[in-house]
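Here it is, the structure, as C-alpha cells.
Just so it is clear, A, B, C and D label the chains in written order, and each chain counts residues from 1 on its own.
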Amino acid sequence: MKKWLISLLAMSSALLSGCQTNMVVFEPQGPVARSIMELINWSLLWMLLVVVVVLTLFGYIVWKYREKKENMNYEPPEEHGSTTLEIIWTAIPILIVTALTVPTVKTLYALENVPAGYESKKPITIHVTSADWKWIFSYPEQGIETVNYVNIPEDTPIDFKLTSAGTMQSFWIPALGGQKYAMNKMETQLYLVADNPGSYFGRNTNFNGKGYAEMEFEVQVKTEKDFDEWVSEAKSSAPKLTEQQYEELLKPTHLGRLTYSNTHLAWVDHSKPDSKSYTNPELYRGHGYPGKIFEEEDNYRSPDAQKDAVQNLENKDAHRGDTHGH
Amino acid sequence: MSAKVNTSLPLEYQTEQNRLNILGFWIFLGAEIVLFSTLFSGYGVLGERYAGGPVLKDIMVFKDVMIQTLLLLVSSFTCGIAIFEMRRNNLKGLLAWLVITFILGAGFLYMEINEFMHYVHAGATMQTSAAFSSFFLLLGTHGLHVTMGIGWGTMIIIQLLKKGLIPETARKTFIIGLYWHFLDVVWIFIYTYVYLKAMVS
Amino acid sequence: MGINLKEMFYFNDPLIIGSQIAIVLTTIGIVAGITYLKKWKWLWTEWLTTVDHKKIGVMYIISGVLMFFRGGMDGLLMKAQTARPEMGFLDAQHYNEIFTTHGVIMILFMAMPMLIGLMNVAVPLQIGARDVAFPQLNALSFWLFFAGAMLFNISFVVGGSPDAGWTYYFPLAGKEFTPGIGNNYYAVALQIAGIGTLMTGINFIVTILKMRTKGMTLMRMPMFTWTTFVTCVIIVAAFPILTVALAMATFDRLYGTHFFTVSSGGMDMLWANLFWLWGHPEVYIVALPAFGIFSEVIATFSRKTLYGYKSMVYSIVGIAVLSMVVWVHHFYTMGAGPAVNSIFSITTMMIAVPTGVKMFNWLFTMRKGRIKMTSAMLWALAFVPCFLIGGVTGVMLAMGAADFQYHNTLFLVAHFHYVLIPGVVFAVFAGLYYWWPKMFGHMLNERLGKWHFWLFVIGFNLTFFPMFFLGLKGAIRRSYTFSAASGFSELFLLSAVGALILAAGFAVFCYNIYWSVRYADRNISSDPWDARTLEWATASPVQYYNFAYLPEVKTLDAFWYMKKNNIGIKLDENQIEEIHMPSNSGLPFVMCAVFGIVGFFLVFEWHLAAAIASIGIFAGLIARSFDYDHGYHIHKEEILATERAWRQAEGEVNTRVG
Amino acid sequence: MEKKANGFPMGHVYGLVLSLLLTFLAAGVVLKTALSFPAVMAIIGTLAILQAALQLFMFMHVTEGEDGKTNLINIVYGVVCAVIIVAGSVWVLTSGHAH
C-alpha cells in the first residue's frame, strides 16, 4: 500500500503545485475548465485525507495484530462494537460529503451560465452537429460552416448548441471545459471560453461505432482580429454547401477539414423533434449474418445509396474494419 | 419441505411448502410491480410522441374500454368468490366460479384483440410511432398476462377435477387467485393513466 | 428465411476460425472423454438433473471460472492491442466486439455466477436448512443462466459478435446503425439469463425468510446470509427493469418498433435511463455478497466476532436503498440540467457513508484480533486499500461537475476495475479458498495460493493504476488505438505488462485447482479454519441432506458458541428422524436446451422457427404444473451410518489450520 | 383469515360495488367536469390508488397468514420502487435542455 500512497502523494502534490503534469485536465485554458479543476483539486484534498487515515489505521492494525509465534496463545476478546466510534465514523464522512456537495452544486449551476466575468460580452453561437464520424460546426451569425475544426475568438463566451445527425456522441474539449452529449432530435448546450490563442484538441468520447477512435477535431483559438479576418475570408472564398452535398457528408465516413460559406441549418436542424432522419442502415452493413432492416419513411435514400451499400459489402472482405482510410 | 400438515389452517396454508410457495408468489408480484412500472415509465416518456401518426384519443372507443374494465372488475370479484368457496371446501362452487372468472377473462381478451385490430386498421401499429410502440407493449404485456392466466387456470381446473381439493391444488388455486386480482390492479392503472389520461389531454 | 452458411460462419478471419476450431475440438474431446470413461449416466444423474443446492453452486462456480477465462482473454487481447501506439493487432471492429463481450461476460457471466454459486453453496448451510425453498426452481435458474451464457458466447463464432458496448447505448445498438444480427445476441441472451437471476432472487429471499433453523433470528444471521438476502431484494427490484428494457430493445431490433430509434419519435435517452436504473443496482448486486464474504473471512481469521454487527446490517440495507436512487450519475453529461445532476450527485456521494461504516467495522474487527495470514485472509486484506482507491475515485466521479472531465475516459475505466476487481474478484477468490474444503473435502494449496495472490494483486495495480493518469491526460475508453504523439505510450505499456502479471496470477490459480484436486490431503477436519458459522458444523464435503438434524441456534456466530460451550457438537442419535428430500428433475436441463434453441432462432430472426420452438417452453410449464412428485425420504439407518462414518474419521484428522 | 362462513361473502360484494363506484367516478370526472389537466390527473390518480388498495386488502388479503407483514412490506417496497422508476424517469428525461 505504500506504493499507492507515495504515488498518490506525488500525483496530488504535482497537481496542487500546478506544475507541468501533461495532464490536460490540470492545465485548463479557460475559466470553465479552471472551475472544474478547482473542484477536482478540492476533492483530491479530501480524498487524500480519507486514504491516508484509512491506510494508516489499516497498516497499524494489520501489523500490530498479525499472528506471530509469540502470540499463538493470545485469545482475542469478545467485543461487539462501540456506539461512540460508530457515530464518529458515520458523522465524519457525512461532513466530508457535505464539504464536497456544496461546491459541486455551485459549479453545476455555474456551468449552465456564461462564465463569471464574461457576462458583458455577447456570446457567439455555434451549432455543433455530430455525424458518423465527423463534427460539423455551423456559425449562424456569421453564415459559415466548418467540418472537423472550429475557430473561435479568445476571451469570448461561445454558446455551443449540440445535436447529432444520428448516433449519440459526446463533445469534449478537455482544455476548455467538460463534455456534454450530442443527441439526435435533442439540443444540449455548453458555454466555453478560451483564455489564449492556440490550438486545442477536441473529440467525441461516447462510443459510436467503427470510426469512433478517429472522431476528433481541432479548436483554433484566435485573437478577435484574426477571427474576424478568418470569417470574412471564409465568407468570400469558401464554396457553398448544397443539400445534396450535405447528405453525402452525413454518410458514415471520415473526412478532412472543410469550410463552407453557408450553413445546413437552412434546410435541417437536427435538434428539432420533427426534423428529418437521415439514416441508412445499408451503409452500416458489416461482417457476419445480415439482419432485417426496417424501411422508415423519412430514411435518407439518395439514388446511389443502394449502390454504395452493395459496394461496401463487396469491399468488406478486402479491408474489414478500416473503412476509414486516413 | 416436510409434509407436516397443520389442519387448523385453510388448505392452501396447511403445509410448509405451500406457505413457501405463497410467500414466493407475493415476492414475484413485487417483481411484477416493478416490471409494469417500467412499462408505465416507458409510456409516460414516449406516450405523446406520435411522430405525425394517429393519436390515441382520436381512435379509441371509450365505451369498449369501459366494457373491458367492467369485465375485468367483475372477474376479479368472481375469482374472490371462487377462493371463498374453496375455503368452504365446496369444490363444485369453486369450479363454477373459476370457470365464470376465466370466461369473463376471455371476454376481456376478445374485446382487447378487437380493439387492437381497430387501431391497426386506423393505421396505428407498434411500428407507427414511439407512442404506439410503448402503448402496445404495455397493453400487450398485460394482455399476455391475462392469456397466460387463462391457460394456467385451465390447467388448474383440470387438476382440481382430477385430484379434488388437496393442499397442493388449493395452493395452486389460491396463487392464481392472487395473480388474477393483481392483473386487475394493473388494469386499473392502465385505465387511468392510459385511457382516461388520453381523454383529458 | 434463407440460411446462408457462409455468412453464418464467416470463414475469413484467422482469429475466429481459430476459435471455431478450438471449440469444435474441445467439444469432441469432452464428448469422447465422457464416452470413454462411461460417465454419461453419472453426469446426468449426479449433475445435469441435480436439485442439490451445493452441486448447483459448484456448477455455477465452474461456469464462472470458464467465463473468467473468456473475459480475461478478451481483456488481454485489448491490452495487447493498446500496448503500443497504432498497433495493428486488432482492427476497430474486433476491438469493439471484444470490449463489449468482455464487459458483459465479466459482469453477468463471471461475477454473477461466481457469487450466486457461493450463495448456493453457503447460505442454506449457514442458516441451518436442508436446501433452498424451491430446489427445482433453483436448478432452472442455473440452467437458464447457462443457456444465456452459452448463447452469448457463441456469438463470437456464429453470426457476429455484439459490438455496441456492454452499455448497449441506442441508437447505435439499434437496427439503424448496426443492422447485422450481432447485437441481437445481447438482447436475447441477457433476457434468458436475467430471468434465471430473477428467480434466484425470489428463491433466496423466501429461503432466508422462512427456512432459518430454530433460534436463528434475523439478527443472528451470518453476515454473508444478510448480504445475500439484501442482494436478492435488489435483484427483485432491479432485474424486471432490465427485462423490460431488453424487451423494448428486442422489439426495436426484431420488429421495427420505435422505443429508442432515431426515427418516428423514439428516444435514445430512455434506454440509457432504463439501463442504468438496472445497471447501477447491478454493481451493488455484485458488490454486496462480496462484502459478506469478506465479513466472514475477516471475522474467522481474526478470531473475533464481527465488529458493529448491527450497523453492518443497517449499512447494507442503506446501500440497497440508495442504490435505487443514484442511476443518473452515469449520464450527468446528458444535459438534464443542474437540478437533476445536483440531486443525483448528493445521493451518490451518500453511498460513501454506509460503505465507510463497513470499512471501519472491518478494520476494528481485526483490531485486538489474531490475524492469520491464510490465502483467504490475504485477499480480504488486499481488498481494503484497493477498494478504498476505487471508492474514493468513485466519489470523485460522483461530483457531477467534475464528472464532465472524467466521463468516458480511462479514469472511469480505472475506477470501475478498482471496485470490481477488489470488490468482486478478490472476494470470489477469498470465498473459494475459504469454502473450498467445505465443497470438496480438501484444501487449495496455500503456497500456490500466495503466489496467486501476490502476482494477481501486483499485476492488478500495475494494470489499472496508470489508467487514472491516462484518463486525466485525456485518453478515452473504447478507443482501439492512440497516436504516438498523444504521450500515452509509456503508461499504456506499463498497463499491458501489468495485465500479463495478472494473467500469470490467474494461471497459478488454475494450476492450484488442478494440483489440489489431484494431490491435496483428503484427511482434513470438517472445520479446518476454526470457523464461526453453521456451515462448518457438518461434514466436508457436506452430506447431501446437510444436517442429520437441524441445529438450534442461541447466539450470533452459532458454531463458535457451540464449540466454546461444547453444546450440540456431539451427535444426539435420538434426534434423528427420516429426512424428506426433493427428487431430481431433468426438466430444468431440457428447458435450458429449449430456451437456448428459441434464443438462437430469435437471434437469427427466424421468427417462425422461434415460435414453433417456443411451444417447448409451454410444454415444459405444463409438465411442471402436472408434476406432483413429492420427493423421497432418507431412512434413519442411512443417516446414522453416514454420520457415524464421518464423525469417526474426524478424530483421525491431521490437517487443520488452527 | 375468513371464517368458514356459510352465507354469501358480503365483503366481496361490497368490494365489487366500491370498485365499480370508483371506476365510474373516475370516468365521470374525466367526461363531465372541466377541471384543468393536473387537477383531473390528481383526482383520478388518487382514485386508482384507492382502488388498488381495495383490491389488495379486500380481495387479496395481503396481511393474511403468517407472512402478512412480510407481504405488506414487500408490496410497499414495490410501490416505492414503482414511484421512483416512473416519476424519476419522467423527471430526468424531461428536464433541462433535453427536449
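We adopt the following convention: a contact is a pair of C-beta atoms (placed from the backbone, for glycine too) under 8 Å apart; a residue touches a chain by one contact, two chains touch by 3 or more.
Since the model is a prediction, treat every value here as computed from it, not as a measurement.
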Fill in: Chain pair showing more contacts of the two, A-C and C-D
A-C
Practice prompt. Going by C-alpha centroids, which chain is farthest from chain D? Tell me that one.
Written response: A
Worksheet item: Could you name the chain whose CA centroid falls nearest to the centroid of all protein CA atoms?
Response: C
Worksheet entry | Separation of chain A from chain D, taking each centre as the mean of its C-alpha atoms, in whole Å | 44
Worksheet item: Just curious, how far off is chain C from chain A if you go by their C-alpha centres, in Å?
Response: 32
Worksheet item: Rounded to the nearest whole Å, what is the centre-to-centre distance of chain C and chain D, using the mean of the C-alpha atoms as each centre?
Response: 37
Fill in: Whole-Å separation of chain centres (CA-atom averages), chain B against chain D
15
Worksheet item: For chain C, which residues are shared contacts with two or more other chains?
Response: 209-210, 237, 241, 256, 263-265, 267, 269-270, 274, 277, 334-335, 337-338
Response to the item:
For chain D, residue numbers touching 2 or more other chains are 67, 70, 77-78, 81, 85, 88-89, 93, 96-98
Worksheet item: What are the residues of chain B that contact at least two other chains?
Response: 19, 23, 27, 30-31, 34, 38, 41, 45, 49, 51, 127
Worksheet entry | Interface residues, chain B side, partner chain C - complex | 1-3, 19-21, 23-24, 27-28, 30-32, 34-35, 38-39, 41-42, 45-46, 49-51, 53, 126-131, 133-134, 136-137, 151-152, 155-156, 159, 163, 168, 172
Worksheet, complete the sentence: Touching chain C in the complex, chain A uses residues 1, 3-4, 7-8, 11, 21-26, 33, 35-37, 39-40, 43-44, 47, 50-51, 54-55, 57-58, 61-62, 65-67, 71-72, 74-82, 85-86, 89-90, 93-94, 96-97, 100-101, 104-105, 107-109, 111-112, 132, 166-168, 170, 174, 177-181, 183-186, 188-189, 201, 203, 205-213, 273, 277, 279, 281-282, 284-294, 296-299, 317, 320-322, 324
Discussion item. Applying the document's contact rule, which stretches of chain C touch chain B when the two form their complex?
Written reply: 130-131, 133-134, 198, 201-203, 205-206, 209-211, 236-241, 243-245, 247-248, 251-252, 255-259, 261, 263-267, 270, 274, 277, 580-582, 618, 622, 625-626, 628, 630-631
Item to complete: Provide the residue numbers of chain C that touch chain A in the complex, in ascending order.
Response: 4, 7-8, 10, 12-13, 91-94, 96, 159-161, 163-165, 169-172, 175-182, 184, 253-254, 256, 262-265, 268-269, 302-305, 307-311, 331, 333-335, 337-338, 341-342, 345-346, 349-350, 352-353, 356-357, 359-361, 363-364, 366-373, 381, 384-385, 388-389, 392-393, 395-396, 399-409, 461, 465, 469, 472-474, 476-482, 487, 604-605
Worksheet entry | chain C - residues contacting chain D, complex | 209-210, 233, 237, 241, 267, 269-270, 273-274, 277, 324-325, 327-328, 334-340
